[in-house]
């Protein structure tokens, strides 16, 4: 590293400073001051990140890994230390840039979106807390640091979803999000404990350099069974992945993400689409060489990702709440990224197409999805509802937004030359190269579905006649502070794929792999055509259904007179209800009730019995004290006889 | 000089009580002033001494206190009829526990400004309780230790019975008697230790140099360990704590959960495990079995409760269970985690009870279903409560996480089957903790607010100060655990050395 | 007359005293029974003093003292009983049941 | 030593005192004030003189071969005198006005004389060198108590209590005498030194029968199980100051009697008696604790409490002599202080209200000093540090544990929890319970305030101040 790392401190310090200053001092006094300060600091952080990135990629050092700075946090034993540091490699640099950039944009956007809110200062403080935590997460040099910031992003997500804490729906959504991710994190923590115990290290370098052979002949007691340490590592890998499973909201732990849309829209855009939810993908990418040695972990990851991808896309086709549609779309895209990582293994060998594709998709997805959310926020801010029922005909009122939305929608649909095309194409290619044809099929299908539901959203929102009075009456306009970041984000949404593709192909490799690497991969030049073809066909279907002159909008938005399959999908396969049922009946009504029963009746019962027992004995003593002198005199005699026989006197 | 100051730690509270005797009880302003000053003075004193210990490092260690690394070592003959000495001293662990106590006592005095009843007696009792706790964490002579240890029962009952709320006699009695039960178990074994040790000394250091007979250890260790564990509410002796806390006034809850419950765990480590390591190796796995209730079921019970103090009490029960998990691990990391958890949980539960007390002063109810949305009216107290909650569920950045991660990693190093299973269960039950804490915070602070709370006012400066200081302590340990864990490592080393040297035990001795 | 005979006599006397004490309900009767028990002890003293070698005078002295002390005790007892009779108008022990748990 | 050494002066003062005050009563015009002052002066003088006797750590000084003054004797004398003084002061109020719904007592001079006789009985017991002196001392201590119990002639409970007491007491005396007679038969002498040589030479069933009867007789005085049955009734029926004296002086006399016997003539067979002592101790403290669990009247409650305390004291007898004696003396001091403190508080309350738990309600709000004193007394009796009671119990248990009786000690220690329960009941009444309706006022005269504060200070300081225990007990090895 020739670059001066001192500037990299700024990346972390700036958001932290914003949090402290806004949270403690500025937030309550002046909302405007807080906003300005936040934008300023985040801008500096972005500039620093950009500077670091440029320095790194131009230094000729890339794509090697380095630790920019590191300090010990907790020492567990000699050489077994949890550090806090900054890992520098293409992946983390890319994430740093993305996070700071999106944070910068969202902060600007929030000036417009949160204007007039009671607790604007608090909002900016929490937003910066999130940026700080997310930056710490992506910069992690080891599992322990990652877990620390993993939890911190979780809590900032909780605080921001529940930002409007007087809204019961927001409160319960925030709780659900936190608890569900916390549930996954408990497995993550267990995984960390297990893996670090076996490997005697938290460090990514060390973990990624492990080979199972060294552990095959030692055993470890896992309580229920005695397994070899190699198996224990595999179990640990799955447990660690579980953390990512929950954080990236993979099926079946996906339900919190759509519900999290109760939070303010800037929050949804930064946390629940662009950055935090990809932490799971980032985790798997970061530990890819480790996962690669651990049996079939990658296959599990692939199937989890692939299923979520299709599942979410199907639900997205029927939703009417624009933020929820985008949330399901996020789920689906996360599925893409996840399964791309999972496809990289054929037998015992691995290849890296999927890894590159996945990280590339993180990059492009961040821009267009963030943009889409900001647009959705803009619409909601103007129309005062999330519901597609009340939109339509916004094209004329919000022209810039309309254009940007079109760019982003095309990008997510994978239409060339928009950014999404490049990354998604690679992902599909990776599935093909890995001989996972079923997944390949699903991916292509989902690509069609994605185009369909995105254009459904697009057409229903912007095209047609206005369906609400406020839109028709022309109260709708574009807010500058909100439109500016949308416009800025449209640029990378359009161009990032085209421009950065080379960068990714050149630099983005998962690091030194301890398993044989497959270099001869089959080429398939026809895949882009197929994918684009499917996308275009879906686009046309969407146009016919929702935007063509003959389209029956009422029918499209009807959710009552529908087939049972449609209703099932519309109700998200009743997953919310199932969760509710499990938690209510099984956890609160079952385990907790039993625990309380044990406490209230068994433990307290024994206590009460002991008290009763001594009181009963006391009653006995007092009954003897009857006042009869004759009886008292009798006790003298009884006493003599008693101690004669049990007094242990030796005669 | 520092040694003299160190001995003043427990004397100042007592002197305060004496100074206050001539003050008429109607002059509450003066009384509060004197007590606040005394609390702050001790806090400053302990703060300085902690810094002294940290800055001087091992230079200040007193050699005649070997094998322990004690600073400020003082040894004066006291009751010569049975070789009882006044032996005090502190290593890193003691020092931090003293600091914790000083902070909690100081906070306890501040939050009790509005206590109803005879304030003169109440503050005097707080100071006596403080004396007792300081004494426990300072004394290295078993009798002195026990005197201070048992003293707390007296103050505790009077404060609960005289100043508590609800079913105060029941709660107070349950608490006092259960604790007394524990201490009688300890007292019974103390005599055994003295006579079986055969060194004619009650000094922990002297006794640690001999190996007590195995037959004696086999029955004395469980008795003594459980005796101490009673006050740390280890299942099945935890039942006193929910009722006790619920009926106690705020300051007493803070002191009870914050410091007093640590005395038990500290005793387990410093006395039971240090003096009887052979039996500890045999018995501790079975102790771990009990933790299933504390750590795994405790949070579930909290989930079913609606009274804030009950919830916090069960939360304490589960957190204290983790201390025992760390102790039972018998690894340096586990022991360090346990010590960290003692300190961390002290601050955290102090914050919990302080905010609960303040909220209760305003809403006059502790039933969370009766509240809602009051965050809008009392943001400062609300944030304090939420921070306590987050620290409680082990959020990184707060001390709880540091302690818990140490305990988990340390406990996992113990290969024993029972310990493994319980460790895994304990790690997985961090979710349950999150559930009840969030549920409580949400019900109480968020959502719709009943109209009757429109007139609530946020904390005054005094209350804010308490919250800020406690949060600062939580953050300080959570963000910079390095320096505190170094000192703790140093203090634990002799204890661990004694444990690891203990001969491989033969069951049935 | 041997030592054993005296001891058996004393023991029987003591037994009769105990039996009388339990059996009688009249306070004065009980006092008399008690006197029997004390005298059983006296007989023992005298007998031991007579039959055993050594310090033979102290037994006799002891019994003399016992008689004196018993006299004091009886005096007080009778005084108390009189005082009680004034209150209760009865000397039946079964009536003495105001104090009990 | 056939010269009257100055060690006898306190004994002589005390012996002369009752006669002196009776004479003054007859001659003086101020029939109550003068005797009262003289009695106080005499008792205080005795106490001071006793304190001036140096502890010699030896066999002790003999007077006429059967009057021994040793360290244990001196310290026990101090306990007796202390109890006597406090008893007088407590009783004074009951002569000034009625209490507990009963009329005022009368004839204070005679009362004082009787009380001092009882105290002197204790002196005799600890000075005894033969069975006859021992017996006389015990009777001297007991017979005045019968009279004191019945002092309030206008109270029917008093006469009932006295009747029960004297009947049972005489029977116990008969048991004890019966035992003495066998012991005499066994040893052929009433002198302790000769009995000791006889027991060390060999044992016979005669000895054990003697011991059985003696233990039963003294078990009655010491309220051991199952001979305690008289105590609750008598304690309740007697006037309150008499109850206080009963629970201290008579108990101290009885335990001194046992100590003198066990570590004197019976020392050679002590290890064979230990199981019986342990059993007596455990059953007594357990039953006493159980009985006290649910009481509503304070004097009856104190009766059960003192039964349990007797059990605790018995634990000390398990250990070797020098530790045991130290423990017992120290505990008796502590017990005297705490017990009288409680009784003084009851006395203040009893002036205006019945002496029951309900009368204590609201005390903490009404009079802080009394509430604190009551709490200190109760916690001290329960053995909670840092109060003196803890250190007293610690001595007792230490003595028991020295001989390795861990199980007995553990049982006693665990029983402390039960004890704490009922002592807390008293404190609860004073601290937690809300009063019903208007509280009648509480007034303390100067004497009461002084005594309460002094005893409170003693309860707190007696244990923790090292110079107290060290000065008293350094080198106190008998």
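First chain written, first letter: the chains are A, B, C and D, and each begins at residue 1.
The rule is short, and it goes like this: a contact is a pair of C-beta atoms (placed from the backbone, for glycine too) under 8 Å apart; a residue touches a chain by one contact, two chains touch by 3 or more.
As the structure is a prediction and not an experimental result, all values here were calculated from the model.
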Shared touching partners of chain A and chain B are D
Pair exhibiting more inter-chain C-beta contacts, A-C or A-D
A-D
Centre-of-Cα separation between chain C and chain A, whole angstrom
95
Cα-centroid distance, chain A relative to chain D, in whole angstrom
76
What is the distance in Å between the mean C-alpha positions of chain B and chain C?
63
Distance from the CA centroid of chain C to that of chain D, rounded to the nearest Å?
26
Chain C: which residues touch two or more other chains?
21, 96, 98-101
Tell me, which residues of chain B touch at least two other chains?
none
Going through chain D residue by residue, note those that touch at least 2 other chains and give them in order.
163-164, 167, 171, 175, 232-233, 291
As the complex stands, chain D meets chain C at residues 130-132, 135-136, 139, 143, 146-147, 150, 153, 156-157, 159-164, 166-167, 170-171, 173-175, 177-178, 180-182, 184-185, 188-191, 194, 232-234, 236-237, 291, 300
Which residues, counting only chain C, touch chain A once they are in their complex?
18, 21-22, 25, 93-94, 96-101
Sort out for me which residues of chain D touch chain A in the complex.
163-164, 167-168, 171-172, 175, 203, 205, 208-209, 211-213, 215-216, 219-220, 225-227, 229-230, 232-233, 272-273, 275-276, 279-280, 287, 290-294, 418
Under the touch definition given earlier, write down the residues of chain B that touch chain A in their complex.
174, 235-236, 238-239, 293, 297-298, 300-301, 303-305, 332-333, 373, 375-376, 390, 393-397, 401-402, 405-406, 408-410, 412-413, 415-417, 420-421, 423-424, 427-431, 434-435, 438-439, 442, 445-449, 481-482, 485-486
Taking the complex as given, what residues does chain A use to touch chain D?
614-615, 617-622, 624-625, 627, 629, 631-633, 635-636, 638-640, 642-644, 646-651
